[in-house]
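Provided herewith is a single structure, encoded as structure tokens, for subsequent inquiry.
Chain IDs A, B, C, D, E, F, G and H follow the sequence of writing; residue 1 opens each chain.
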Amino acid sequence: MEIESILKQVKEGAVSVEEAAQLLNMGNYEDIGYAKLDTSRKERTGFAEVVFCSGKADSHLMSIYERLYEKEGEVFGTRASKEQYELIGNRFPQAVYDPVSRILKIEKEGKKRTGSVAVCTAGTADIPVAEEAAQTAEFFGTRVERIFDVGVSGIHRLLSRVDVIRKANCVVAVAGMEGALASVIGGLVSRPVIAVPTSVGYGANLHGLSALLTMINSCANGIAVVNIDNGYGAGYLAAQMNRLAEGER
Amino acid sequence: MEIESILKQVKEGAVSVEEAAQLLNMGNYEDIGYAKLDTSRKERTGFAEVVFCSGKADSHLMSIYERLYEKEGEVFGTRASKEQYELIGNRFPQAVYDPVSRILKIEKEGKKRTGSVAVCTAGTADIPVAEEAAQTAEFFGTRVERIFDVGVSGIHRLLSRVDVIRKANCVVAVAGMEGALASVIGGLVSRPVIAVPTSVGYGANLHGLSALLTMINSCANGIAVVNIDNGYGAGYLAAQMNRLAEGER
Amino acid sequence: MEIESILKQVKEGAVSVEEAAQLLNMGNYEDIGYAKLDTSRKERTGFAEVVFCSGKADSHLMSIYERLYEKEGEVFGTRASKEQYELIGNRFPQAVYDPVSRILKIEKEGKKRTGSVAVCTAGTADIPVAEEAAQTAEFFGTRVERIFDVGVSGIHRLLSRVDVIRKANCVVAVAGMEGALASVIGGLVSRPVIAVPTSVGYGANLHGLSALLTMINSCANGIAVVNIDNGYGAGYLAAQMNRLAEGER
Amino acid sequence: MEIESILKQVKEGAVSVEEAAQLLNMGNYEDIGYAKLDTSRKERTGFAEVVFCSGKADSHLMSIYERLYEKEGEVFGTRASKEQYELIGNRFPQAVYDPVSRILKIEKEGKKRTGSVAVCTAGTADIPVAEEAAQTAEFFGTRVERIFDVGVSGIHRLLSRVDVIRKANCVVAVAGMEGALASVIGGLVSRPVIAVPTSVGYGANLHGLSALLTMINSCANGIAVVNIDNGYGAGYLAAQMNRLAEGER
Amino acid sequence: MEIESILKQVKEGAVSVEEAAQLLNMGNYEDIGYAKLDTSRKERTGFAEVVFCSGKADSHLMSIYERLYEKEGEVFGTRASKEQYELIGNRFPQAVYDPVSRILKIEKEGKKRTGSVAVCTAGTADIPVAEEAAQTAEFFGTRVERIFDVGVSGIHRLLSRVDVIRKANCVVAVAGMEGALASVIGGLVSRPVIAVPTSVGYGANLHGLSALLTMINSCANGIAVVNIDNGYGAGYLAAQMNRLAEGER
Amino acid sequence: MEIESILKQVKEGAVSVEEAAQLLNMGNYEDIGYAKLDTSRKERTGFAEVVFCSGKADSHLMSIYERLYEKEGEVFGTRASKEQYELIGNRFPQAVYDPVSRILKIEKEGKKRTGSVAVCTAGTADIPVAEEAAQTAEFFGTRVERIFDVGVSGIHRLLSRVDVIRKANCVVAVAGMEGALASVIGGLVSRPVIAVPTSVGYGANLHGLSALLTMINSCANGIAVVNIDNGYGAGYLAAQMNRLAEGER
Amino acid sequence: MEIESILKQVKEGAVSVEEAAQLLNMGNYEDIGYAKLDTSRKERTGFAEVVFCSGKADSHLMSIYERLYEKEGEVFGTRASKEQYELIGNRFPQAVYDPVSRILKIEKEGKKRTGSVAVCTAGTADIPVAEEAAQTAEFFGTRVERIFDVGVSGIHRLLSRVDVIRKANCVVAVAGMEGALASVIGGLVSRPVIAVPTSVGYGANLHGLSALLTMINSCANGIAVVNIDNGYGAGYLAAQMNRLAEGER
Amino acid sequence: MEIESILKQVKEGAVSVEEAAQLLNMGNYEDIGYAKLDTSRKERTGFAEVVFCSGKADSHLMSIYERLYEKEGEVFGTRASKEQYELIGNRFPQAVYDPVSRILKIEKEGKKRTGSVAVCTAGTADIPVAEEAAQTAEFFGTRVERIFDVGVSGIHRLLSRVDVIRKANCVVAVAGMEGALASVIGGLVSRPVIAVPTSVGYGANLHGLSALLTMINSCANGIAVVNIDNGYGAGYLAAQMNRLAEGER
């Protein structure tokens, strides 16, 4: 992305006007009418585009899976319904669907996983969000340690697993209700903690907003927060941090 | 408060019409113009009226202290300023003022304290609220154990004091920022936890509302919440519970 | 929980390393894959674990009921559906389901109830939450007095029952809409009042948040608040306070 | 305001074009540069314009008092500062200022007051707002009964005055903190209750918003709410209702 | 409600102990197990109890209609479903149901309506709430003038009806979206305006909260606000004010 | 709307009393019982009345379409359901329904479109709102350029279309989630940007409120905001601005 | 901004690499250490950069005024304090400061104003915001009509000025409290209405948020909203629209 | 933290009971009366304790600086006032205070900085928060690249620095008002983005809450959010991530 260097190459004829035009827009995309597929995202951000399946029309979903599969040889979709699995599974028998995390993916075989990320939950009701985080990180080449149901109402459960959590490159803390898990973990580890508030709870949980506020106001250091129920976003960040630690770009 | 029994006594002449009229209103009060002093509160609720000093005019404050001192032989005031202390101290040399808790009191000598209440804080900035709670409970005859600066970002500090906390009849947990302290304590003890959110923090702490929401949504059992910075209310509740445990009415 | 004393016993061989390891984590748990059952909760908090049935998968619910029944000889579940009752009832014919409170329990016979807790509601629509509170307290060995439909729009109904309310060790006040009931009761009794806001109402009731704010801001002393519609939490606190009063641990 | 009748009179010459133009705009006003004084308000609404003094420049305030005094022979101003009183008092020695309600008025002598409005407060801190309401109603010719410090934490104080409250044409209920007073009064009287939330309190009182929500959600009938601390608005409504009852227009 | 006078009569034997006990509780009620019917409400507040049908069990609804019909000879229910109409209609063929306002009533024949209340709406979607207000007021003996679809986006519609509105004893202004109707009417009339925010709208209308805030902050005088969609409450207040104006108690 | 000139003409007999009466109310309307059709809106505002179909009863919808078609020769309805299309389509075979924008219209043939408005979306999920905006503007005679899926997470897509956007008379920026699109466009163009927040997203998007706040707080100049999901309002404003630019009234 | 055309010119040597590099970044800026002055803004957006004075350090403010004056020959600053005026006025004697709008400007002489924008306020307290809007539009070459104090509580004041408002190219409606002014104007004119909520009011006005919500939810068409108290933003938009209407770019 | 291994060593006498007791509490602390200094934090989390100076009493601040300096040889304090600098500077002449970031530190000489973190701001008003982040990261051994005033209203400024930003191990994006900067950067880089909302802005910025919501809802991947104005927290996270990338623990 060295504008002057590109321009010099254009001047010298080393790069064509068309090639340069695309480079200067900082990326390519493929215009498929109702959408502009961001085909240069992997180059820019290190990870190919992911499909948010929820609410997509069948024909749109199919053509997006087809285009991405063609380009990347694999596709990762989140928030997919069982019906969408049946649709995609008919065309791609190798597609795999997990009803807990609602991930619908076609994955290359033999991918290696490196490093280590710990994904913790406060309760069992937080597991769907945690699995979305864990499987996202795994798809992007991360080794994941799952440590579920270690909420602060029985803190001995968490304390008994501290040594495992401390070995991870980063920790994903998933919690609803009052969301206190992230603060406790933050005080125990030296690596970044990605806090994911969930909408688990009722009444004054305000659909997860209370847990989000808890996490944003944490008295512990090293806590970063993502959107309510955003397991995917946490898994993505965890994969980025894991790559940092493992020396990958 | 047996209406029919009072009426029968009126009929039989055992109680005068005037006495009965007061009983049937469920209490007496003294009308001093700008206010109605609730002189039967101690009979009804077990504790004499307390003075919320903040914002009271000097002449009003003085006459309230005088009237209550006359009736009870002691006065307990909260949220008092240094100037109010000078005013009251001039008239009552035995008055004592604590600038941390802002309590301004005249207390009978030789009062006994019974039972045990633990007052914990997450940080040092929560101490003014905690002292308001502790000194309120003490004024009402409660023995108090102070355990300050045991917030969850260094949970070993709390764990090292668990045995003391467990011996109390109830626990007051005072915390600002994300307010996670109450949940952790709640999971460790068998006695009620009175959670006091404080306005300590900044940004999305929403002047204490975030901590309040954390505490209201606690995943632990046995947590009851009072208003933001309401140390007095927590101390009052703690004194009530301590009396329950000590078999006093 | 005397760390040094445990360590001394380890040193002296009085306690094995394995036993000590569990004690030092401050409790045991049973790892059943998707969850960590908190098997030492009764020791720590005085009450065995309770099942929040809502949203649990059938197989999970069944195995949790089986495990807890095996360990405790009884199980207490809240927010259960009729379908969950059919599932559990098939396996445990002695299970009892109350469609009002949505409690699904297997209870030991001949349990004794002691002390006294008053459970009051403002209106009839608050009864489901009140029954959750009452039956929770009863399961934990508390005698309960129900006083329903005594809201402040017809205050003579409440006043006519004040003598009963005053005799209780603590009072649970359940109210939606504007939630004023707790304040009025707070001014009439000497025991703690546990205020439960409900989501009953419409419009600016904000699904119970308005009632919660009313109760948190109460001008009366001795009021502690739990989450919206959290009858279980109120019943648990009431049982704790009742135990305090009855001298039980 | 019968458009066709005015037009007919124009056609027939009974009304001039200029007069008709003003009538058809439904009122007159006087344009004084920075403001348009609503000189026909008394005709339309029954009460002359009132001055909201807070934040007005000295020269503006003076000319508004002068213009209104010239037209009406009296002026009623709210939220005035002591400095504004000195300004106006210099020019109009008959001006009267009340530092509690912050009302600054020049009032005609010998005005008659009719009917009856009861103005109640929960606490003494609510008195400034209540006085604004009471004095507004009085200026507009209403007889006012003040009943202060009868909040629900000592309900016998309110009950001892119910007979007085019931005799009023309407009731103004002024309360901060949790604002429960309006509901209790609403259940005891047959006349409309005008509820005024105040910003009295702290923490989760949200500067009066909590009391406003309490009052809007009242379970009692016959409760209408005005803005936080809006004593003037309540007094105005009370005067309107009193006029209805006394058969005045 | 003169306590001393009652007591004197008890003393003198003019009133029995039982009668006095009821009077002193300020009202009677009938305890029917799950509810306490407020049978003295008409004496206290001028209007008999009204049934909020929504969510009531069939058997409860039926017995309440039966009890109230027995006592009053008529019953007024709000928020009733079609199914509830079929239930009640089977037992009381004279019952009448209006699907727009969802009012289900049994009304005495030949009731007189007096005075005048104007019920205005901003749009057609506000009519269900307006009809609840209008029919409530009518049931309580008020003559009602309906003026619908006169919102401020075409203000000539409102202005063409101002003369009718001005003749009413009070005005009910029903509006959703931005709720500006109440302010405009408030500036045009001398009688109280009861503002009813509705949940009509979408997006940032916050289910009616935005309209409520508009109305509470009105720059016009003489505006009192009730809860979102609370047509019943507005009709009740309108009937109270109409009675004031017509000299009824 | 020159009141004095109309009055003079009435006086001189050039205009009848009836005609003048209507003019002076600033518009006509047609009273059809449940509604007042604003038949002078086109004269006042330049655009005929539009039908908000959602929630209208079938008979009402039909008669409104019939009346407007009779008067204008075309009808434009928003938020229509498929069922409503079938109803109207039966009566008006020339009616056209677009299931994406949910617009149901009968349009005159051969209408000309002038000028240029750019309608941009951040993602594909924002297209329904964008189409409502685009088709509204088109119905009112505007030429529209659609530029979809150019959100800021791949900003090269937007930059590659900047020249097209800059040529428009104004820009409609439609975005959910964090709503940053409007700010970026605002910094790139010289024409007004109409920002439409959408409810697309989840968690802390607060049903579109977060995007609305983003847009209202934009650091870029020339950004005006409409309600969440209000494509119609944005299209209407765009048509107004386009007319300004094209010199039409 | 035709990337390919620039590249071709680079290739052909018609444009230097350095010039092209700047063009391709879509603008120039001047890096002055603590800030990056956007020197190409006028080319991109039609208006030179404006200075938000509030909170700027003296040395920064001075150098920004100097740099902008050097480049443009005039400078426009908003939210300036009197102290900042003294600072700048010392250096630039031709600087003019208006304490009402807090605008501090150095303006070229003899600038022409074209077209017409109407700036309306609800009350006199809204004038500071309105003046910021008016003077911003004037600085950018717009003729402005001021129509102040025409709020809806005396709607005849607004109606008497409708003809003037209707002649403007667009209307700025400035209002606090309930903010209803924008809706009423929106229903009367054919041009866009820019609504500016102000923080004028108290209590539930929520510092202007209530007025903002009113305006965003307006039932009238053609209303676009800017931030609370953002007179500058409204004036900028008005100048843009005026340019559209006057055929300027 | 291997409990069983510690116990074995106790059993075998390799570790004393006292040493083991401290280890098992997962850390040491120093009890200094009003506080418990977390002296094992560096061992647990990799960074020594930092002092939040705001609001600390002089004597407390001094003794904390003394204790930490004694233990670590350096002290890092945030949110310090000029007065606190004078206090500390008197005792420690080597203390350095930066009035922009309000950091007050005593730093060891010759510390090495490794890796790279980019700290970006949207405007100049965000610089104090950005400097807090940058200097925190620097104190913890991180090399920092400052890129200020690159907000989205002139996006060419950001695009001209993309190559620098892309080379960093992680990016801190600091923005107030609408907070869109984080999303744009997130779409351009492959490393984690730490988003810091600031309270810069006015009106509906809600003291930074609007920017926080924007960032939490970002459509770009790899964005993690900290509290409003929490530069320290962002710098801490950046230092953690930088260590990950540089292979340090």
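Rule of thumb we're sticking to: a residue touches a chain if its C-beta (ideal position, glycine included) is under 8 Å from a C-beta of that chain, and two chains touch if they have at least 3 such contacts.
The shown structure was predicted, so the numbers you read here are calculated from the model rather than taken from an experiment.
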| item | value |
| --- | --- |
| Selected interface, F-H versus A-C, where C-beta contact pairs are more numerous | F-H |
| Centroid spacing, where centroids are CA-atom means, of subunit C and subunit G in whole angstrom | 59 |
| Centre-of-Cα separation between subunit F and subunit A, whole angstrom | 38 |
| Between subunit C and subunit F, centroid-to-centroid distance (C-alpha), Å | 54 |
| Per-residue multi-chain contacts in subunit E, two or more chains | 3, 25-26, 153-155, 159-160, 187-188, 203-205, 209, 212, 216-217, 221, 227 |
| Touching pairs - complete list by chain label | A-B, A-C, A-F, A-G, A-H, B-C, B-D, B-E, B-H, C-D, C-E, C-H, D-E, D-F, D-G, E-F, E-G, F-G, F-H, G-H |
| Touch list for subunit E against partner subunit C, complex | 25-29, 34-36, 38, 40-41, 55-56, 60, 197, 199, 207-209, 212, 227-230 |
| Residues of subunit G touching subunit A in the complex | 3-4, 7-8, 10-11, 13, 17-18, 20-21, 24-25 |
| Residues of subunit G that touch subunit F when the two form their complex | 1-3, 26, 44-47, 50, 159-160, 162-163, 166, 169-170, 187-192, 194, 212, 216-217, 221-227, 233, 236-237, 240-241, 244-245, 247, 249 |
| Subunit F-touching residues of subunit H, taken from the complex the two chains share | 122-123, 151-155, 177-180, 183-184, 186-188, 201, 203-206, 209-211, 213-221 |
| Interfacial residue positions of subunit D with respect to subunit B in the complex | 124-125, 127, 148-150, 153-157, 159-160, 202-205 |
